[in-house]
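Multiple structures are listed underneath, in structure tokens.
Consider the two complexes below, in which chain A is the common component and chain B and chain C are the respective partners.
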Partner chain A sequence: MARSHKPVVWGLFAAGGTASAFLVPVLAITLGFAVPLGLLSPTDLSFDRVYSIVSHPLGRLVLFGYMTVCFWHAAHRTRTTAHDVGLHNDRVTMIVCYGAAGLSTVLAALFLLSL
Partner chain B sequence: MSARQITLEVLRYRPESESEPVFQSYSVPCQKEWVVLDALNYVKDNLDRTLSFRWSCHMAVCGSCGMVINDNPMLSCKAFLRDLPDHIRVEPLQNFPIERDLMVSLDDFMDKLKSVKPYLIPKQPTADPDGTYKQSSAQLKKFKPFAMCINCMACYSVCPQYGLNDGFAGPAALALAHRYNADSRDQGRRAREDVVASNTGIWECTFVGACSEVCPKNVDPAAAIQQTKIASTVDYFKDLLMPSGRKIAHPEGDTT
Partner chain C sequence: MNNAPYIRPMPASWWLRQGRYVRYMIREATCLFVGLHALVLLVGVYRLSQGREAFEAFLEALWSPAGQLISAAILIMAVIHSVTWFNLTPKAMPLWIGEKQAPGWIIVAAHYGGWFVVSVIVLLLAGGLS
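Let's look at the complex of A and B:
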């Protein structure tokens, strides 16, 4: 039996899931609780401050990495869910899902470069 | 002791007389401490000798009596009547061809089990004069939970991927492959790779996780498959970056 090439997309999928599992709670606590409860001052998340972090080369690189793995995570999960709910034309699902993830990756790169 | 009257609705299929399975009900006087298997045996002994089902140990060890009880695949010897309503529906395991009544064909599962080489493949025989392989508690702990499978096939009955694709190796076989891959005495991961890391192996699994929920021995096949996916992904990229490394046998002690 031939070895599967799924590790390529599954690797990105797993990375996206793991990264989200760690970062989403941080975002939720920071934006949902820390700022409204006054634990962080509003100036800590001012536009200029956040912009300077995001537009820093390292900030852009981290954001690009995080966004990319999240796109591919969503794409692969959508593909497998489509299979689970009975859409068995895997080639079409693959083209749509991974195409969207690929396009999103390119758009994210262009956007981050334009900052 | 007073008996509790239970209605047992059993899916019957006698290929010589029925073109498709039909339900048949039995009223069974049951004792409080009985399991579904006791009720089935009561039927067999007192009401209907033609009823066919597999069982052996009556203590959740042999894995023979897996069946679907009120929509849940379980061992009938572990399904206590005190936990069930007065009307109990008993069906053969799903996703398998029915041979007769509650007995399904095991052929496909047995072939899959064999295909993952579920035995120790040591690189070389042990140097220990008494022929044994030394293993630490920590090394044992790595694979022991996955060694508890009794091949009852409950996981196959609920696996949507196995239901969709007969070719899928399935939860128990892949969990068993992981059990040996994770064993410090074993060097056979590469030998199992053709089946395990193929499109009909671990990569067919979409991590629904129903297998782990129904396992009567708490094997957690879904976790085994996920751990194998990580190891196989590492292997895949290693082979891609260092194609020559593929020829080198799996290094001793690396059991990931």
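Let's look at the complex of A and C:
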């Protein structure tokens, strides 16, 4: 069988779909609404606390993995759906979608390593 | 001779014609908000790396009316993604117990249960278990 990049990207798509299904709603609430609504105290999301969690080796690793699979989930689904809205040049769609995901992944690594 | 595959011309708005096509398109569009959520995290990590003032400005922007609108859009689309994703799990990964296939609703219910537990754990951890 010819080798292709398909299983890798599909694996990232599925992993991202599952991870985001479990985590995006609660993270959107935690980061976007919990403090304004008084569900959490401002100190829970203080610079010192967030920095110590995110810069911990485990924090960096988990956050990098989570962001990566989210990016690739979005990229792959956008690519397949582009065809349905009349964008039939899959080569261009693929370069744009996977290019954006690849760039975001690299930036995530750089930012996390710079903490 | 042109050997390119023939693609029947379709208006880009074909999916607006039927409710189930619209629902399909909304389901697919959730991925843009999953990506947006990850971009918010990316900006957050970047601002965190710039220091205390930058991170506090990031939170202020996130909690401004415009920021909350973005969070609300992410939350709504994310819930649609979770529901549609979990409802498809019996088809994506059927569970065999011996010779028998486990009923689909058990697999779906297990995912909803897991979703609830994960959400509570994240909120408790964010609150420092208080």
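In this section, the second predicted complex is superposed on the first by the 101 of 115 C-alpha atoms of A that agree within 3 Å, B and C clash if a C-alpha of one lies under 4 Å from a C-alpha of the other, contacts with A are read in each partner's own complex, and residues count from 1 in each chain.
Note that a contact is a pair of C-beta atoms (placed from the backbone, for glycine too) under 8 Å apart; a residue touches a chain by one contact, two chains touch by 3 or more.
In this text, all values refer to a predicted model and were calculated from it rather than measured experimentally.
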When both partners are placed on the shared chain, which of chain B and chain C touches more of chain A: C
Which superposed partner A:P7 touches (first chain B, second chain C, both, neither): first
First, second, both or neither for A:D84, with chain B first and chain C second: both
Chain A positions touched by chain B in one structure and by chain C in the second: 14, 80-81, 84, 88
Chain B contact footprint on chain A (complex, rising order): 1-8, 10-11, 14, 80-81, 83-84, 88
Contacting residues of chain C [partner chain A, same complex]: 7, 10-12, 15, 25, 28-29, 31-35, 37-42, 44-46, 48-49, 51-52, 55-56, 59, 62-63, 67-68, 70-72, 74-75, 78-79, 81-82, 85-86, 92, 111, 114-115, 118-119, 122-123, 126-128
Chain B to chain A touching residues, read off their complex: 160, 164, 193-195, 197-201, 203, 206-208, 229-230, 232-233, 236-237
Chain C partner contacts - residues on chain A that touch it in the complex: 14, 16-18, 20-36, 39-41, 44-45, 47, 49-51, 54, 63, 66-67, 70-71, 73-75, 77-78, 80-81, 84-86, 88, 104, 107-108, 111-112, 114-115
